[in-house]
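Look for chain A in each of the two complexes below; its partner is chain B in the first and chain C in the second.
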Partner chain A sequence: MSSPFQAMLGSLMRLRGVSATLLVDEHEGMIIDSMLQFGQDGARVAALAASLHRKARKSAEAAGLGEVAFMELEAADGRICAAGRHDLVVVAVTSSSANIGLVRVELLKAARGLA
Partner chain B sequence: MTTHAVEAWIEAPLARFVEDARVTLALLLLPSGQVLAQHGFTRSLDVASACALAAAIQASGGELGRMLDGRAFTGLHHAGQDRQLFLAEARTRRGTYIFLTVFDQESSLGLVRLYFDEFVANLAAAAPEGDVAVDGVLAEHFERDLNRNLAALFGRA
Partner chain C sequence: MADDISRWSDELARDPSSQVFLPLGEALRRQGQVDAARRVALGGLERHPHHADAHDLLARICVDAGELERAFDEWDMALRIAPDHTGALKGMAYVCFQQQRFDEAEDYLRRAAARGDTPDAGVAAALDTVHRSSVSRAAVDLEAETTTADPRLLFTRVLETDDRTALLLDASGLVLAGAYLTPEGVDVASEVGAQLSGVTDEAVRATQHLDIGAWRSITFETEAAVVAMAPAAGDGLLVLAASKATPLGLVRRLLDRCVERAHTWLARTGGAGGGA
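Our next item is the complex of A and B:
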């Protein structure tokens, strides 16, 4: 079944090096919609990425920095990037070779488009 | 806040779940309502009440699932204003247990479900061999066993 978010997730998935995109409820840590490659554990990524984003948002608020616009977690073999609006977070899992600047722009654009 | 278990093999998996999922309360009990382990409770009366209610909810949910879907519902989530409840079955070779946990804004349903799956796997791996009849509770022993377990958890054994 197609959801209103498939086009947005699909355009992110077409970026080089992006292996998974998810729209996650930040409060519940549950997937609203996703595009994953075979074998990826979307529920696990969603729960942990939502938790990270929530903690980043609270940290930024506590430090008086305002809203979190973009979050990037860099690991040995890739990155988890997230941008949120209201209670929703768009998450992209990328390889190390992904064009992170482009991923950032597209994630922010996707987050701005969330209702 | 510490984790206490009637049987030692339960304690490590439960303590790890509590730490990973950042929940405030956790209970592992038999389908009969007898407590086996708890985290976060300070009064035995609260544990006894929560166990009785959890066992009743699980039994009702199971029966409702059989009526509607042909098989028992095995999990339940209830969201309150500040706190949320997650109730589910945990199966091991020793039998089926009921797991109840309560969490607040420090955690989320996604995290709880994620770490619950790991908890069940850890519990199943830790369960010792042997034919302990955890499901076969005799009615005449119920209150005695219930009180013994509560006393063990709250240091009055």
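Our next item is the complex of A and C:
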């Protein structure tokens, strides 16, 4: 049975350079839904991305900076991007050649659409 | 020399308006008779107030007397009268050099070098000396700043404006240097550091798991600011916050500069000055 988030994750997955998309519970670090390439271990990515997002959110709270809208971890050969709302985080794993501006816009749009 | 002085003195006595006061004053100065040289120079200036060389002579006498400010003023006057007066430019460079105003000294020397039809070896050597002194002084300034200043102010010069703030955390999330100021000016560095403890470890694990190479930065956008983080020496973390109006490209450049500064500071102090 298709989840209500498949369309959202599917549209993100179609962006150039995106290799995985996940919807994650920020508190538990558990996958709610995902679209992964064959052989990818989503559970670990979900846990780590959720943890990073949680740390960013709590540090922003401590500094009085308000809600975290978008987060990006940049590495030599790729990125992990995330946008959160209501304890849910939409995560995209991309290559370094991805159009990060477009990924950011689509992730923010997806996060706004979360219930 | 004594004969010359005697001859020029006689000539000046016969004709007080003679310009022989110039070689006479210089000769007396070279003999160390500073007071006598000054009287001659001042006498000449009374009759020739717009003679650039007369002001140049008095300036050199003032230098011998240790009166650098007065010397600078006299050379400045000479330069107003004769804008191409190389001696005045060299003299002003000398005063600036003595006062450790190296940039100005270099500027005067370059102007002096540009005046001559042929290269002036003395000016070139002076330029070299000024340049080396300037570099040496800059290194001393940097060392003093990075070793003795309040660690909380480590990034102040790099950040340039008040709406940016940065801090350096150790692997445990403890603050080593810098500050994390709220818009109200409250330093919440310790609170932010505690919340970010472990970020480096998780970033490393995530990038290793995905096999996407070493992590370079984490950036997150909030309602009020952009926060960027980068790995620092010794599993540390550099955290930079800037107003949301700051372009992301600039945020990254500032982050790189802060990392470099932290690296220099850690190398010099071993982080011993931290723990704010």
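Convention: the second predicted complex is superposed on the first by the 115 of 115 C-alpha atoms of A that agree within 3 Å, B and C clash if a C-alpha of one lies under 4 Å from a C-alpha of the other, contacts with A are read in each partner's own complex, and residues count from 1 in each chain.
Methods note: contacts are C-beta pairs under 8 Å (C-beta built on N, C-alpha and C of every residue); 3 or more make two chains touch, one makes a residue touch a chain.
No experiment lies behind these values; they were computed from the predicted model shown.
**Student:** Label the relationship between chain B and chain C on chain A in the superposed model as either fit or clash.
**Tutor:** fit
**Student:** Between chain B (first) and chain C (second), which, if any, makes contact with A:Glu74: first, second, both or neither?
**Tutor:** In the superposition, A:Glu74 touches chain C alone.
**Student:** First (chain B), second (chain C), both or neither: which does A:Ser51 touch?
**Tutor:** Both partners.
**Student:** More residues of chain A are touched by which chain, chain B or chain C?
**Tutor:** If we count touched residues of chain A for both partners, the winner is C.
**Student:** Looking at A:Gly64 after the superposition, I want to know if it touches chain B, chain C, both of them or none. Which is it: first, second, both, neither?
**Tutor:** In the superposition, A:Gly64 contacts chain C only.
**Student:** Taking the superposition as given, does A:Ala43 touch the first partner, chain B, the second, chain C, both, or neither?
**Tutor:** In the superposition, A:Ala43 touches chain B alone.
**Student:** Which of the two partners, first being chain B and second being chain C, lies in contact with A:Met30: first, second, both, or neither?
**Tutor:** The first partner, chain B, only.
**Student:** With chain A as the corner point, what is the angle to chain B and chain C based on their C-alpha centres after superposing, as a multiple of 10 degrees?
**Tutor:** Taking chain A as the apex, chain B and chain C sit 100 degrees apart.
**Student:** In the superposition on the shared chain, how near does any CA atom of chain B get to one of chain C? Answer in angstrom.
**Tutor:** Minimum over all C-alpha pairs: 8 Å.
**Student:** On chain A, which stretch or stretches are contacted by chain B in one complex as well as by chain C in the other?
**Tutor:** 44, 48, 51
**Student:** Under the touch definition given earlier, write down the residues of chain A that touch chain B in their complex.
**Tutor:** Chain A reaches chain B through residues 24-25, 27-30, 43-44, 46-48, 50-51, 54.
**Student:** In the complex, go through chain A and note every residue touching chain C.
**Tutor:** 41, 44-45, 48-49, 51-52, 55-56, 58-80, 93, 96
**Student:** Help me check something: in the complex, which residues belonging to chain B touch chain A?
**Tutor:** Interface residues on the chain B side: 107-111, 113-114.
**Student:** Quick check: in the complex, which residue numbers of chain C touch chain A?
**Tutor:** Residues of chain C touching chain A: 180, 182-184, 188, 191-192, 194-196, 198-199, 202-203, 205-207, 209-225, 227, 239, 241.
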